[in-house]
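Pasting a structure here, questions to come.
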Amino acid sequence: MKKLKLIAPFVLLVAIVLGISFSTSAQMSEQVLSAAHDAEWTGLDPHVASTVSSFYVLANVVESLTTNNDNIELTPLLATDWSQSDDGLTWTFNLRDGVHFSNGDAMTSEHVVFSMNRIINPETGSGRVASVGGPDAVWEAVDSHTVSVTTPEPNAILPVLLAARSTSIVHPDSVDENGVIVVPIGTGPFTVEDLDGTISMRLAKNENYWQEGLPLLDAVEITVIQEEAAREAALLGGEVDFVTSIAPQSVQALQDNPDVNMLVSPALAYKYIGLNLTREPFDDARVRQAIAYAINRDDLCAAGDFGLCTPLYGGPIDTGSPWHFDYAPYSYDPDKARALLAEAGLADGFEMELMPTSTYQDTVRQAQVLQAQLAAVGITTTINAPEWAEWLELEGNYRYDGYICSWNGLVDVEHYFYLQHRTDEVFNFTGYSNPDFDALVEQGRQVSDFDERYAIYEQANQILVDAVPYVYFYNPAFTRAMSPRVQGYVLRSDNANLYMNTYLEG
Amino acid sequence: MFGAFVLLIVVVMGLFGPAITPYDPNGMDFSDRFANPSFEHWMGTDDFGRDIFSRVVVGARVSLQVGFIAVTVATVVGAWLGLIAGYSTRLTDEVIMRAMDVLYAFPAILLAIAIMAALGKGIGNAMIAIGIVYIPIFARIARGAVLGIRNEEFIIAARAMGAGDIRILLTHILPNVLSPIIVEITLSLAFAILAEAALSFFGLGTQPPDPSWGRMLAEGRAFFRQSGWMGVFPGLAIFFTVMGFNFLGDGLRDALDPKLRR
Amino acid sequence: MNYQYVVQRLLLALVVVLGITFVVFMIMQIVPGDPARVILGPYASDESVAGLRDRLGLDRPFFEQYLTWLSKAARGDFGQSLLNGQEVAPQLHGRIGPSFELAIVSLVIGLVIAFPIGIISALKPGSAIDIIATVFSQIGVSIPSFWMGILLIIVFSLNLELLPPSGYTPIWEDAGDWLAHIVLPAFTAGFVSASIQTRFIRSAMLDVLNANYVQTARAKGLNERTVIMRHALRNALINIVTIIGLQITALFSGIVIVEVVFSWPGLGRLAFNAVEERDYPLLQGAVMVVAILVTLVNLFVDLLYFLLDPRIEYA
């Protein structure tokens, strides 16, 4: 007995040590990813927000009826299947059973109709009305798990448009008394917790998530680090496990670093200069073509993205896409540019203003290279780089000569042509108008067979490349960098930032 | 003396900059980027393959312009307001000085950024914004100086002889409050050059491709690891110029203000 | 203590704060760029933008918007952020602490550097130490703080991996972590103010050292140490307190840049982003809080000055 008494404290000690080690190991197994995003989100209302930084978060919180998988093929999400009526005016979507919002409510067709009507309602101020069928689309609940939408004109690509997370289904309780969504209640794998303005938040696992076993992480701690050097340092120093973007000039060094897993993926995106067709001399196609010939895209790419890009000598679509078209006339040819200018009566050159935006510094860098290159063919340029807010206003009102920007997250061929170049369409900021082109892109919307569509858009692409309202520069690449511990993250060419399948090793 | 010497070099660069650069300051060469200093490129080349030495030389003009024009705005407006405040009735004084307090309570850089947002970016507006930010300092100094002498005999005498207020301000008061203002001018020149650099950091200052030291520094920060030289040389240029103005200011203070001479 | 003076100072402070909100409101009205357009981005149709403008009340007359804002602000309601829809007040609330901590630590770092250097160089003007101190303070006021901040990140975070490059931990959660995070930003801001303070402290000390009473104390045969500690330093403190007061505004200005560089969750970064994104209510709130902070500190310094030197009369 005496011996036992002596042992007792040791037993206790062992128990405590075990307890401690157990509790620490329990803590270790808690899967929390620490992520640094590169820009502050601009609101978390999926129907209103328009920035990439907002959707880096939102794509994990809310879900749309359809989606694109990692290979950017259209796949079901909240809708399991869909069909179009014979007259092409009505689409019917069957909703997935057993989907719950993060607050526990089951998702039904009422929620879908509510969300779509919220997008269409002008008071919401959503920029995505066209993606849900346009202002005159009528969304109806057929039964608890079936919805239909009827549009005045046939719309063959509605399921493709609905893959945008900005058309996500939200719970009505998300909307506050002012009609604003501060934090959406969605059906996604994570929910927003501990939101601190636009600088930090915690994405916590949605315990009600409908996909069995997902998400793998318990939480993602998100902070925002805007300064590139600081973001890189935070990753290298182990402050964070994951960063959403790396300055292109640092990519090489990080690829060589064994402590970092550096991902680079060609992007479904393009950078370009849009020319103002409502102003002289840009109303003359020869002048626009001259600019297209005067640009050395390799240098442009070297300056803007440090070689992480694919030059575009014709249309906007990269070779990696099924919608790539071969037509590529604009190889670098300053002599031809000068000849075209002479033909247009501008042998002595002319002056123009380049309008990048200071909010996206890569556009300012490109403007400087363009300035040097255009000077070589006699085009004298000045650079005006307003902030995004002012830039949008100037762009939207034809108050520019040439603006420099990019389009991102373009999946279907439609995304490259319709809204930007059809006569008077919402994003047609160049004033381009061509009835033949309009007819083609409208026809393309009403056809669903791939080969048939390809033939249509091949013609549209050629018309557009010859007319050059946009001079395409190149397809850029997206980057992510993370600790080797981070597994299962896929860098997608549409730049969707999904933490659902991510986990930490060790 | 050291201050004056450095400033002389900078002023020469500012006046003759474009004529004495070895290369076109905006000429790009993508085959020769991030070059280290060499006989060919004394300060190396930047991310566009531009010669940094040429850009530093040409940048002197911009930085000096910003300094001089911003401080001129601040001095003319600020000193004038200060003179009026110090010389006129209590009410006018209160109104002017409380308005100055409002401007002064703003963190300077925020005020400048907000003004730039309203005016639009660009070097001209940066000068105005920086100038506005420094108005209250000059107003305070001028007012303080006026208060110190406004009851001196020669002022009272001038007034008794029927001189108008403006005449008294210009011919009697102004010359007597000049020395603290001149000292503040040289010190403010230094701050204005730094303020331009700060605005450039936020992308609001000089617009590309024209180099100012501030903008070169702001651009260089993204490439510290590729090539430290991009940030070092414009940084040194700012450093020596600002130091030159500060030394000059201190020297002038000692020379002009006998009370402070030791 | 002269209470009339205190009341007068408080009223003036109120006028200044009101003036500041008015100036910000005015500036924001003439800023180009439509906040509704910024929120909705390039995808929005004109109808959507008009709808949002209407909802946000952006089309109402200037004075109506200002007075509405003011009457609500007086009740602690700063409205909703245009961009993220969150209430402004709690967002501001969370940022005051970090900004204030950064300001205080910067000030302390500044004083810790400036005091000994300033005093020693005043005691031996023209000596090697004095010259080194002069050069040092020149360096401090001649380096753009963003440049120094990034340099520190590269040296201490990227190369040496000693200190974190960004972020913030509340002090009550983990004091050590808080300290690790605040060192670099506070040093960046503190170094500049140290340089300015060194000069002021030096000249304040020189003034009192040459003053009659110090000379008298010396003549009485008191040892140098006693003279400095008991007579000179105490009297120099009065001037130094004033300088600290003046420094506060400058410090808050410097902190805006430092907060952006080091991703510090403070008011300066908030205000800067609000300007960039045309988030009027957020900017208004942030600037007002900064102005109140600065005004309060100045008021405090004024009163301290008054306490330290009761001989001063206030009209």
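Should a chain be cited, it is by its letter among A, B and C, assigned in written order, with residues numbered from 1 in that chain.
The criterion applied here is as follows: a contact is a pair of C-beta atoms (placed from the backbone, for glycine too) under 8 Å apart; a residue touches a chain by one contact, two chains touch by 3 or more.
Values in this document were obtained by computation on a predicted structure and should not be read as measured data.
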*In this assembly, which chains make contact with chain A and also with chain C?*
B
*Where's the contact count highest, between which chains?*
A-C
*Using mean CA coordinates as chain centres, what's the chain A-chain C distance in Å?*
38
*Rounded to the nearest whole Å, what is the centre-to-centre distance of chain B and chain C, using the mean of the C-alpha atoms as each centre?*
21
*Where the CA atoms of chain A average out and where those of chain B average out, how many Å apart are those spots?*
43
*Which chain B residues reach two or more other chains?*
117, 120, 221, 224-225
*Going through chain A residue by residue, note those that touch at least 2 other chains and give them in order.*
229, 386-387, 390
*Out of chain C, which residues touch more than one other chain, so two or more?*
32-33, 150, 154, 158, 260, 278
*Considering the complex alone, what residue numbers of chain A touch chain B?*
228-229, 247, 249-250, 253, 299, 302-303, 358, 361, 364-365, 367-369, 371-372, 383-387, 390
*In the complex, chain A residues that touch chain C*: 36, 40-45, 48-51, 121-130, 135, 166, 176, 178-182, 195-200, 223-227, 229-234, 236-237, 239, 359, 386-390, 392-393, 395-396, 426-427
*Parts of chain C lying in touch with chain B, wherever the complex brings them together*: 12, 15-17, 19-20, 23-24, 27-28, 30-33, 125, 138-139, 141-147, 150-151, 154, 158, 203, 206, 210, 249-250, 252-257, 260, 268, 271-272, 275, 278, 283, 287, 290-291, 294-295, 298
*Note which residues of chain C are touching chain A in the complex, please.*
32-45, 47-52, 54-55, 80-81, 83-86, 91, 94-95, 150, 153-154, 157-158, 161, 164-167, 260-263, 265, 269-270, 273, 276-278
*For the complex, which residues does chain B have touching chain C?*
98-99, 101-110, 113-115, 117-118, 120, 190, 194, 197-198, 201-202, 214, 217-218, 221, 224-225, 231, 235, 238-240, 242-243, 246-247, 260, 262
